[in-house]
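Next, two complexes with chain A in common: one pairs it with chain B, the other with chain C.
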Partner chain A sequence: MEFLGYFGGVFEPWAFMLLLGGTVGGLILGATPGLSPTMAVALLIPFTFHMSATHGLVLLGAAYTSTVAGGAVSAILLKIPGAPANIATALDGNEMAKRGEGAKALHLSFLSSGVGGVIGILLLIFLTPVLAQWVLKIQTPHVFWIAILGVTVIGSLDSKSFVKGLLSGCIGLWLSTIGYDEIQGTERFIFADALSGGIGIIPALIGLFAIPQVLDMMAKGRVDSLIEALEVPKQKLSASIRELTKYVRALSIGTVVGSIIGLIPGVGGQIAGLVAYDQSRKMSPQREKFGTGHPEGLVAAESANNAMVGPSLVPLLTLSIPGSPTAAVLLGGLLIKEIFPGSDIFEKHPEVVWTFINSMLVGQILMVFFGIMIASWAAKIARAPAPIMAAGVLVLAVFGSYSVGQSVGDVHIMLALGVGMFILEKFGFSAAPLVLGLILGPIAGDNFTQGMTLAAAQDGPWVYFFTGTLNIILISLVVASIAYSFWNNMLAPGKKPAAGPATEDAK
Partner chain B sequence: MTSRRMQHILPGSAIFLLASVVTWLSFTEQPAEAFLFPRVISVVFISLAIWNLIRAVTGMSKVGRGIPVATLKNLVPGLIVMLAFVFFGAKHLGFYLGSTLAFFAIYSFYDPALWTSSKDWMKRIFVTVAFMAVIYALFAVVLQVHTPRGILF
Partner chain C sequence: MKRLFKTAILAAATLAVAATGSFAADYPDRPIGVAVSYGAGGATDFQARIVTMVAGNADILGQPIYILNKPGAGGRKGWNWFATEAPADGYTMSAYNIPHFIAQSIKGGVKYSADSFEPIANWGSDPAVVVVGKDSKFNSMQDLIDYAKANPGKTTTSGAGLFVGHHIAALQIEKACACKLAYIPTKGGGAAAMKAVIGGEVLAGINNLSDAFRAREAGNVKILGVADLERNDFISDVPTLKEAGLDVDNSSVNFRGLMVPKGTPQAVIDKLAKQVPLMFAHERVAKRMKAGGSPMKIMNREEVQKMWADREVVLKDLLKGL
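What follows is the complex of A and B.
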């Protein structure tokens, strides 16, 4: 119950203002089609650079929570998911809105997001310290394998093609080696002056997540992107709460599925909503109503999306392995504050970590409150013109990537990575494994080099890296994640892959 | 050979070329200790790149729709503005002036409203000025980020 002692930090005026701003801003950004939660959090990181670690993380945590929930607004009113996590929400939510039940759909969406989110954060509170104790047993070779596992899991499960997913991870790992090697005092892969300091995490994150979306908006050309949003007639909140109590089964399925998926390193929220929706449909006596505007599907999907948020931070805070692409961006936010996740994070930075976690708990409640408040004028939010967004995000990306290191070279790197990622995405590559490779690369690289040095003094690299129970378990997990994806992609052509939206057009 | 297959061969070849360069450098550059980890990565990288290229050449690579010519045509003006802004405007004109021009150019070009209507031009100017005022307040006043000034500001 240590976390209770740090609740005061959340209600300090400046921290609470950031929490409020992050929640409302996150809801608006999430509701805007084309602005993903990952991109929103990546664009916010430069602002946190000038804040204390606690305040910066409070802002990022609030934005993370509320952008995921806010994505439901455009999914329901426009049938355009604000984020990949909201794809399942659009299936029934939009049908409800077409029937004139837009307000009910939005209320149910925010309420179920809140319930799932609170339970997810409680899991984070109680699981993380336990896992952190277990992490004490982990040694150099294990950390290397865990980092590799993070890249292979997300590379094989979060991509449209597992070959391209793993290739993306490899590109990320290679990018992480660019720059000056401090141990040997030598330069590696420095093809231009801008690369001499290596590739900064923040410019890379902004470029990889924001620029492809800017280019996607431009790719549509001069088309009228103001899709008519459905009207939102008024609805009493009490009626929506009563309605929610009818769907306890869907709420429970969504929360459990979201929590479990959040805990799996690298998998993230993209698939939580779809898996919960699918499971809820299978277990429902009214399964034929799913897809026709049945609230059960909406409740399952939205509770899963937000239940995933808290558990996705468990592997992040203890093992440095993000549970989702947005959590990967949060890891970047921690690293620039020189907070290194691991077994001792609760001993070294208890105030920062517990205030951050507590703020996410309070943020879930604020998110429900403000989400319901904005429901009546949500239609207007969801119709922000694409040309303004494209130009605005570009300018923010340039200023954001410059402001951290005050280097024009960082801006060049940001744009080069962004344009490159846009092209790669069009050919089935994915940004998430590349980012994971970039972030986990130094962890894997340092532990590999250290491990090789230690192995040379002991029984050699084979014994050091490939024997021992934990090594074997981790290697098995790496192999299993690749084999599972290989089976889905190559050997079972008739079978739909499990990775949800990212794999919807997988071969 | 279909144009779709060709679309997959081009990035597949580019990635193979990159992987080859990375592998070559990893195994030839010195000191070897500094390139130990890159060597491990490059072996996996080149293997996957070869596999990916074979799939592209044999037409097995079907994931990803490529970049159609129409999309490319839509992209070119915006891309030129982006590149001019980042590689020239930001440094030589100044971040704020460069950003204002880039924002206005991108917004005006992709805005579906009429280009002949003075009312729409006024709206574009107003939105640009308002947005840049917010950016200036955030970065120059609140965060006190010193950006290159260029010829004006």
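What follows is the complex of A and C.
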């Protein structure tokens, strides 16, 4: 309960102003495609040079929290996931926005972000020493199996056809092999300089999600009668909160999945949202509504990606190992103030660390408050006529993919993937499994090669990958997940999730 | 008419000369970009942001420096871009990491070599150190080498990748002790390699001195040796590998500094070579670097040119047959 003593530092005028500024600024930065949480925090580091350690960290913590949540805005309204964390948010969120329920989607997204985020920070406050030991137990073979577990959900993610889902996943896995192999330095499928660093995840996200819909809007724009005039009904906050209480299951799944996955260095933020989305779909009686603008998926995804924020700081604060690119930037922010993270950080710098953590707790609540304030007017974007919308999204897509590495090559990659995806969508493929393949490919591949080298110096691959409690638990999960998909898709024919209400199918 | 034409050409030529002259005199008249071949938040990015923070002072360059991150493929993407596409006008510099880019160019498959770039100055040197977990049975380099000799190829040793300082140090140790380690290049850089050591996934690790220093302060690792010519002020109790009886020099030390593409006007190079070391030596820079546990080593253009040439010879020999 020691942390309670340090709330005073958060509400000190200067610190609180930074917290407010960081939160509002972070929401705006997060909502801008291409500006990921990592970049937002890196941009702020030079400003912290002139502040005290506590103030600097309050600013960085506030920006981290709110950029993660802010990414939901462009994901929902424009179907441009600002960062991998928001992919799953775009799936149902954008469908809701298209129906005119953008304000509701934003309300739910910020509320569930807040719930997940607060629980995640509480875990950080109370369980850090225990969690730090867990982090060390997750080793190369385990991360490999976790990535394989992710691969098993590809087929069922946001696809009307299981086989087409798997095929899109394979395309994604293949795309992920492009570029220099980072360890050996071997060239793979590099035909143009722009591809030498591989396909960047942010240009890929923007291209795969935003460009097909721009092309769709342009196609529809040629036929006047197809331009939809949307009414955006007013959304009461109390109604949104009532609605959220209907999705306690999705909220709990999201928070639990997000907190656990957030702990795993190098994997966390990228897949937490997608895994939570998939799990909550599998456990939902209204499974077939997912992907059509069902709030449950949105709630799971958003609670997961903010629940991840707290636990992702555990390895950073206690072991001095940054678990994510954003945490690496935060480490820089700590070092420059002569604060060396380690298991004794809470004894050596209680003032700084507790104020930092407390400010993130308060920041979560401010983030919900400001997020909801901007929700109602931001949702009006959906009323923009299709031609303006298409042009606007295209501009943001080019801007976002360029700004990642100030590289025109990334813009070309973004456009090429976008046009390819537009054609694939016409044949019933979808972007989400493809992106999941793109994310998981390197994680599985690198941990496999690394595991094989380690195994070769020890007792061989069989012992290394297939024995040990954690390996066996993960392998069982993989088998269960494959069996589930097989049962659902192969042995239960005649189920057409897309057709009609079909509630009698859901058991 | 003909004469008029001639005069015009002459005038244009004079103008062009005047423009070049004034170009160098006015340089720099707008902000300068520094490309970093690693992501935001990495050690190179972090240090580059600190050492360039006083560039805007009138007595340094009079123009601010901003950082451009071009990460990918262990630095290859950024340096490929810098060697082939970056304008050679002095407004785009790049951070270099030695031995990385020289080792990569020896290995091949990239569009640069040491001849593609002109060094300006060096700001930092981060030696590789040998670390083991805090509960490890190894307490000295001797313990580790004895084990490696008894169990060839079983001494799992993590490092940040292939053809980086950590890898070079591992190769040098193997050569010096005539024994075989099992070098494990981890994806995710030094941080992932350090986690493998702390978590007991590997028996030993080779890592940056700055990161190992922090990990030791936090009580997570023991540092057995430094791959440098002299002991380091941050960890003066740790012997060099040479003291520990291994013939390992400073070839694996990770040097960081600034460079420009070949073809940059000599006047610009001269101006940068004169001013940039002053920028690195600024007291505010030194204070921040020390606070962050980042060892500094300022070298001027001539010293860096020599260091690059020396490194190339050693690395060519070491990487032969790999």
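What we mean here is this: the second predicted complex is superposed on the first by the 273 of 507 C-alpha atoms of A that agree within 3 Å, B and C clash if a C-alpha of one lies under 4 Å from a C-alpha of the other, contacts with A are read in each partner's own complex, and residues count from 1 in each chain.
Keep in mind that, in the parts below, a residue touches a chain if its C-beta (ideal position, glycine included) is under 8 Å from a C-beta of that chain, and two chains touch if they have at least 3 such contacts.
These numbers come from a predicted model, not from an experiment.
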item: Partner chain in contact with A:I45 - chain B first, chain C second, else both or neither; value: second
item: Partner chain(s) touched by A:T140 [first = chain B, second = chain C, both, neither]; value: second
item: Partner chain(s) touched by A:E338 [first = chain B, second = chain C, both, neither]; value: second
item: Which of chain B and chain C A:I423 touches, first, second, both or neither; value: first
item: Touching partner for A:M218 - first (chain B), second (chain C), both, neither; value: first
item: First (chain B), second (chain C), both or neither touched by A:I183; value: both
item: Touched partner set for A:R249, first chain B, second chain C, both or neither; value: neither
item: Partner chain(s) touched by A:G405 [first = chain B, second = chain C, both, neither]; value: second
item: Touching both chain C and chain B, counted on chain A across the two superposed complexes; value: 46, 183-184, 186, 406
item: Chain A residues touching chain C - in the complex, by the definition given at the top; value: 38-39, 41-42, 45-46, 49, 135-137, 139-140, 179-180, 182-187, 193, 196-198, 200, 265-266, 315, 319-322, 325-326, 328-332, 335-338, 340-345, 405-407, 442, 446-447, 450, 453-454, 456-458
item: Residues of chain C touching chain A in the complex; value: 39-42, 45-46, 49-50, 53, 68-74, 76-77, 80-81, 84-85, 104, 107, 109, 153-156, 161-163, 182, 184-188, 191-192, 194-196, 198-202, 211, 214-215, 217-220, 288, 291-293
item: Chain B residues touching chain A - in the complex, by the definition given at the top; value: 7-8, 11, 15, 18-19, 22, 25, 29-31, 33-38, 40-42, 44-45, 48-49, 51-52, 55, 60-67, 70-71, 73-75, 78-79, 82-83, 85-87, 90-91, 95, 99, 102-104, 106-107, 109-112, 127, 131-132, 135, 138-139, 143-148
item: Touching residues (chain side chain A, partner chain B) in the complex; value: 46-47, 50, 160-161, 163-164, 166-167, 170-171, 173-174, 177, 181, 183-184, 186, 188-189, 214-215, 217-225, 385-388, 390-392, 394-396, 398-399, 402-403, 406, 408, 411-412, 415, 419, 423-429, 444-445, 448-449, 452, 505-507
